[in-house]
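So the structure is just underneath, and the comments pick up after that.
For reference, chains read A, B, C, D, E and F in written order, and residue numbers begin at 1 within each chain.
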Amino acid sequence: MLYKSIQKYLLSFGFLFFGATSALIAQELNSGDNAWLMTSTALVLFMTLPGLAAFYSGLVSQRNVLSVLMHCFVICCVVTVMWVLFGYGMTFGETIGGYMGSIGPAFLASVSLDSMAGTYPETTFIMFQLTFAIITPALIVGAFVERVAFKGLILFVIGWMILVYFPVAHWVWGGGWLGDIGYRDFAGGAVVHATAGVAAIVFARYLGPRKGFPRTPMPPHNLPLTVLGAGMLWVGWFGFNGGSALASDGAASMAILVTHISASVAALTWIGIEWLKFGKPSVLGLVTGMVAGLATITPASGFVGPLGGFMIGIIGGAGCFYATQIVKRRFEIDDSLDVFPVHGIGGILGLLFTSVFSSEQFGGLGLDEGVSILDQLHIQLLGTVSVIVWTLIISYVLIKLIDQLVGIRVSEQDEIDGLDITTHDERGYNLDNLR
Amino acid sequence: MKLITAIIKPYILEDVRTALSEAGVQGLTVSEVKGFGRQKGHTEMYRGAEYVVDFLPKVKIECVVPDDLTQNIVDAILQSASSGKVGDGKIFVSEVSEVYRIRTGETGEDAL
Amino acid sequence: MLYKSIQKYLLSFGFLFFGATSALIAQELNSGDNAWLMTSTALVLFMTLPGLAAFYSGLVSQRNVLSVLMHCFVICCVVTVMWVLFGYGMTFGETIGGYMGSIGPAFLASVSLDSMAGTYPETTFIMFQLTFAIITPALIVGAFVERVAFKGLILFVIGWMILVYFPVAHWVWGGGWLGDIGYRDFAGGAVVHATAGVAAIVFARYLGPRKGFPRTPMPPHNLPLTVLGAGMLWVGWFGFNGGSALASDGAASMAILVTHISASVAALTWIGIEWLKFGKPSVLGLVTGMVAGLATITPASGFVGPLGGFMIGIIGGAGCFYATQIVKRRFEIDDSLDVFPVHGIGGILGLLFTSVFSSEQFGGLGLDEGVSILDQLHIQLLGTVSVIVWTLIISYVLIKLIDQLVGIRVSEQDEIDGLDITTHDERGYNLDNLR
Amino acid sequence: MLYKSIQKYLLSFGFLFFGATSALIAQELNSGDNAWLMTSTALVLFMTLPGLAAFYSGLVSQRNVLSVLMHCFVICCVVTVMWVLFGYGMTFGETIGGYMGSIGPAFLASVSLDSMAGTYPETTFIMFQLTFAIITPALIVGAFVERVAFKGLILFVIGWMILVYFPVAHWVWGGGWLGDIGYRDFAGGAVVHATAGVAAIVFARYLGPRKGFPRTPMPPHNLPLTVLGAGMLWVGWFGFNGGSALASDGAASMAILVTHISASVAALTWIGIEWLKFGKPSVLGLVTGMVAGLATITPASGFVGPLGGFMIGIIGGAGCFYATQIVKRRFEIDDSLDVFPVHGIGGILGLLFTSVFSSEQFGGLGLDEGVSILDQLHIQLLGTVSVIVWTLIISYVLIKLIDQLVGIRVSEQDEIDGLDITTHDERGYNLDNLR
Amino acid sequence: MKLITAIIKPYILEDVRTALSEAGVQGLTVSEVKGFGRQKGHTEMYRGAEYVVDFLPKVKIECVVPDDLTQNIVDAILQSASSGKVGDGKIFVSEVSEVYRIRTGETGEDAL
Amino acid sequence: MKLITAIIKPYILEDVRTALSEAGVQGLTVSEVKGFGRQKGHTEMYRGAEYVVDFLPKVKIECVVPDDLTQNIVDAILQSASSGKVGDGKIFVSEVSEVYRIRTGETGEDAL
């Protein structure tokens, strides 16, 4: 079976033209497109495992390094099971009023070797989309490190996928109402980054800061590990944005090009500001700017040209930099690894500026016929605010509920001793000879 | 002069240092150690193999002080480092016969 | 020259149809298939270097970290040279009675730019298969870490490839007798995992335990490194199983899908058991379960559907978990990094359950015409037992011989001081300021 | 717009045939070629980030680990911006007398989604080539670690790209005079390795040795990190050399095959010499030999066969080994991470021996019609010496100039305290509990 | 009371600790150190550059004990830590004037 | 015998060791420590959050010497470790009552 919504999804980008539904199924396999999408799938999984896991785990204290790795990995496993049972259906199944997909048979029983989704097998589409579903909750991890309760975290992920990710992904990509009104989110500015960012700040706020924050220094325990992870994220993002073209064509490589430009420019912007403001550029600043640039270009990456990539890099780098300062300093919210200011703000900025830089005037690939920049901006605003509000409310209620049920934060003593030993009975490093 | 050596739990160093500063200490040296004692060790588990780790992470503070400040400083540590739980650690006091400041060559209490 | 057996190999999966040998050569280049296979080649090499090297080296003591990295890298180099000189011929050369391939000219002199193996160049096939030949002996490394003699190890690898890997790979994939009887091993449950696992336990048994085992704790010195490696293994496995479809089509991405499902489910199974049994889930448990799931699905990955992937994940996770407990605790064999219980048992379970989950009743892609589950199970049993027995006997004799010749274990003092400094004159870490 | 020189570049390898310029534009998209080139682009970026960054940063002292990571990352960002503004034009724009390309409009404004470069989009070509432009200056980093001034470094990179990299790449690949005379440099023996190596030795010589060199031991602070990086380099190199075929065909996978062989053989050669000379093989030796083998095969990788790969591996491994000894011991130049002896000598040896092993007599894919080995050797010598001399002079003048302007070396106290804290206000590791 | 400081070879800590427990020691503190002495250093080799590493990994044990147990405990270390090979290490004994248990404030031998 | 404990700056250990060897020292033990004192700490900066790190990396040298050599050795350290800048560190001298060489069981100055 081919979920009808895929067709809509594909159509919404204008990459394909079909006379009828059946045309889609009939479409011939393009081995090059499929090769690129399978490669992209590997690249996006690589972003989470080990990319994001390394990036995040290097930033915490050494007594919590394993817990962060655990979070990223276990999220991958849990989301995979959900996807196979009902998540794919909820996202890409035939739409129910534009709000939710209809769940197909469990274990994707309706998908065969020959099921096609455009020019590639539906299995490819399933796997590619799954890697996006995996990385989104994994991004949230940065908000609650070093103090979250493991059981609560797992329940949160399950609930959040059902109530936030699958629906929002359906709205935007799965044939839902946001796709219908022409909302532009190429590779997940709303679906991935805004939802994760908003959930992160809500979570961090609810949970409260780590003991000692913000007075006590909490320096990263292993920055090289973080930088290693950053490199993996950069490379993997080629699959994230480039793969979202769903074909091995010029759209894919243009997406890669603007992605790469934005990352570079945002990284330079970030360390430029640091250099001016604090007198020294830092490697953590550089890689944070890079991630900000990548998050910001994500929704725009299939619509803008190199100039757009450049400008969005500056906007993402500077915008996220100042957001980081404000969240931590002004509001004193311990969104520990800056998920909201980097991914949330990045994603939102990208969604809004997509309208501008899609325009051919600014070197973009063009808006839809008869749609002006302002029209598009309206759509982008409407869609983005909807996603934010929905995510915010649902996430809050969900966390509160789970806290009541099983508790969402470890005891103070466990926090002091570290989650590795108290939650997992393991220690990250045994580098000494004291045995 | 006296050398005060304190073995304390990790992650309370900042509190102890503040207390010591208030008690008049101008310098001290710390290091990572592992301790064995009454406090029972962590259990670690690797692929189902359980290890009781007897040696627990501790922090050692070494501080040379003038004789007359000794008791004050010991008290400061006793107060700031105590949680009342087993494993809070020990303080050892011993005699130091001479002290030098390398930078200036000063000796005695002036060198502290 | 095109080795005839490749054709058989290809035919054995039913992916291609040829009227005659020459038809194979005439087949046109499919750039998409080739792109995917070259990518898969990179992914499978990535599994060994740095994936497996990182995974294994993080698990040992810090005074042996380099030796483990060295083993993985040197095995890659040695096997490459052997492959180019005669290994490829021994594996895929025209069969000699179904037992061994005929060795072609050294340096692959008969292969030209235009030699084709199906829809892609023979060079692609040569490289892809080489990466499998590399990882197999590298897997065995986990059995003898922290005490093996370097010279003995190299001799072992050379001998073992000639006497075990090349023949067994020929039997199953190279046009040999196991392929002929319809033995199903999609990506190496027998060829890779069962051979490596069996050799591992034989080696560990012969060598004896590390000094202090099992009384003294031997905790991993750098678990984040291990988890990083685990992530790389997961991603790389997409090439391992997906590439084994030898085309960029639905079979490839279905293989990826079931592989991913099995890994996730097995990981959750493993930590689920830990949680119930010991009260806490661990990250080492999660990644070990993940590897178990990947090993178990490997032989089945081209034959089963999502449901099969799911079930095999549970079987692999639980089966390998209990195997680990038994080998270390009951038999007190110091197969140090659990190669046999994870890869050996995983591979064997996968081979047997392939018969069940290939069946369409269980969501599989189907058994051959006229073959029942039970028929297939017979074939799988026969083949698997043959591979195990052959590997066991030959490995034992080989190790014994090498021990006589050059010694297979370092001195006790060298073991205490660590292999890094005693065998390689290097130290892994210089993290202090004491210089 | 399509830069005319691309066509020349493509023609120069004989991969394509065009009746006229317009034929190039008209050529149809081959999704498989494009998939492979986008994958290769990701692989080559992966070589720098995090591959080379990890490889290099593990080799320095722990107080400088971040600075090395910073160098690699910031180079990537700076070069990207330059490329988009004018670098691509300088390299591949219509040639001005064979010496330099004409700069097109900034922000690649002339490139559209449909611009083709052969069988793949021009954007793909732009990105693929950009990753080469990134890694070249990043290679130089190894020469000046632990003492270079950050501002000076950035100025150097900017100047050096404009004056050395873009011109030389144009000469060889962009339709310039070296391509015209039939100079063979498949994937960057001259363009990448010789230029980087020569610049490295000039830089190291100018800068002077690190305090304490060569008396004080300066052991790597984290060899596992280096070995991890080495594995990434190896895998990424498949994209470097394999992608340089600019198609997903037999030429690509033959390039991968010979690359892999050379790496393996050179690694074994290196540790073989160590074993004989010093009594012990080392893992740092193995990975250094591996890199040497990869650098040496690079210019030859599209022209030679497996035998050539094998011989070049021996030549690269042994040649670079002895070069390392001589530079450090005889000349006491602190080219700290051996960039010149490994990349410089490797690239040069590869360029020269390309003439021999291209020949069908030695299993090569053939020289051009009517060109003898000796003819080709003349061309290779002429080209290589030109590149060396140009690089040497310009690099020296540039460094001297920058030193006058902003200073190129940090103060002695900063060098003692380490660049991480003094230049970037960060520390690499916080592994203790002392907070 | 006495402070017994022992510098021993790595990887025999477990044996020594067992011997100490048997000799009546209830607590001790260990740390990683590097030692220079008669034992000749390892050679390390990086890309053909040979370094003689003078400072060798050692483990330091510190243990405060009642005066009357001192000799017993020294003997226990001497026996359990000796391999007869150069580099086995040293034991230093010095005077401690006061001891406190942080948890309870106890002093003297009660605090050990 | 005396125990000389010196807290010095990192990366001058080699110089100090050489000076000590010349002054007749045959063995010593070093370890990594962190020091707090008059020398002001580094600033570290992570994503714009500034931390003043009070504890600075130092190296601790411990060396037990015969009484008559003590002054010589102190002088050797004072000379080789002094840069004249704040933070050069301290030397502490204290009494050691007994020394044993584990390998041989020798005691007293013979054991050094």
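In the analysis below, a residue touches a chain if its C-beta (ideal position, glycine included) is under 8 Å from a C-beta of that chain, and two chains touch if they have at least 3 such contacts.
It should be emphasised that the depicted structure is a prediction, and the values quoted were computed from it without experimental measurement.
Peer 1: Expressed in steps between touching chains, what is the minimal separation of subunit A and subunit C?
Peer 2: 1
Peer 1: Count the touching C-beta pairs: is B-C or B-D ahead?
Peer 2: B-C
Peer 1: List the interface residue numbers of subunit B and of subunit E, divide the shared ones by all numbers used, and answer same when the ratio is over half, different when under half.
Peer 2: The interface of subunit B with subunit E is built from mostly unshared positions.
Peer 1: If you average the CA atoms of subunit D and of subunit F, how far apart do the two points sit, in angstrom?
Peer 2: Each chain's C-alpha centroid was found; their separation is 46 Å.
Peer 1: Round to the nearest whole Å and give the separation of the Cα centres of subunit B and subunit F.
Peer 2: Each chain's C-alpha centroid was found; their separation is 18 Å.
Peer 1: For subunit D and subunit E, let me know how many angstrom lie between their CA-based centres, rounded off.
Peer 2: The separation of the two C-alpha centroids amounts to 51 Å.
Peer 1: Would you pick out the residues of subunit F that each touch at least 2 other chains?
Peer 2: Answer for subunit F, listing residues that touch two or more other chains: 11, 14, 30-32, 34, 44-46, 55, 94-95.
Peer 1: Can you tell me which residues of subunit C touch two or more of the remaining chains?
Peer 2: 30-33, 35-36, 39, 216-217, 219-220, 222, 228, 248, 278, 280, 282, 284, 425-427, 429, 431, 433-435
Peer 1: Line, ring, star, complete or other: which describes how these chains touch one another?
Peer 2: complete
Peer 1: Would you pull the subunit E residues touching subunit D in the complex into a rising list?
Peer 2: 44-51, 53
Peer 1: Using the touch rule from the top, collect the residues of subunit A that touch subunit D in their complex.
Peer 2: Of all residues in subunit A, those touching subunit D are 30-33, 35-36, 39, 43, 61-63, 216-217, 219-224, 227-228, 230-232, 234-235, 238-239, 242, 247-254, 256-257, 260-261, 263-265, 267-268, 271, 278, 280-284, 286-287, 290, 305-307, 310, 363, 365, 429, 431.
Peer 1: Show me the residue ranges of subunit D that touch subunit F in the complex, using the header's touch definition.
Peer 2: Checking each residue of subunit D against subunit F gives 216, 416, 421, 425-427, 434-435.
Peer 1: In their complex, what parts of subunit C are in touch with subunit D?
Peer 2: Subunit C residues touching subunit D: 29-36, 38-39, 41-42, 45-46, 49-51, 53-54, 57, 65-67, 69-70, 73-74, 76-78, 80-81, 84, 107-109, 111-116, 120-121, 123-124, 126-127, 130, 150, 222, 225, 228, 248, 423-431, 433, 435.
Peer 1: What does subunit A use to touch subunit E in their complex?
Peer 2: The contact residues of subunit A facing subunit E are 432-435.
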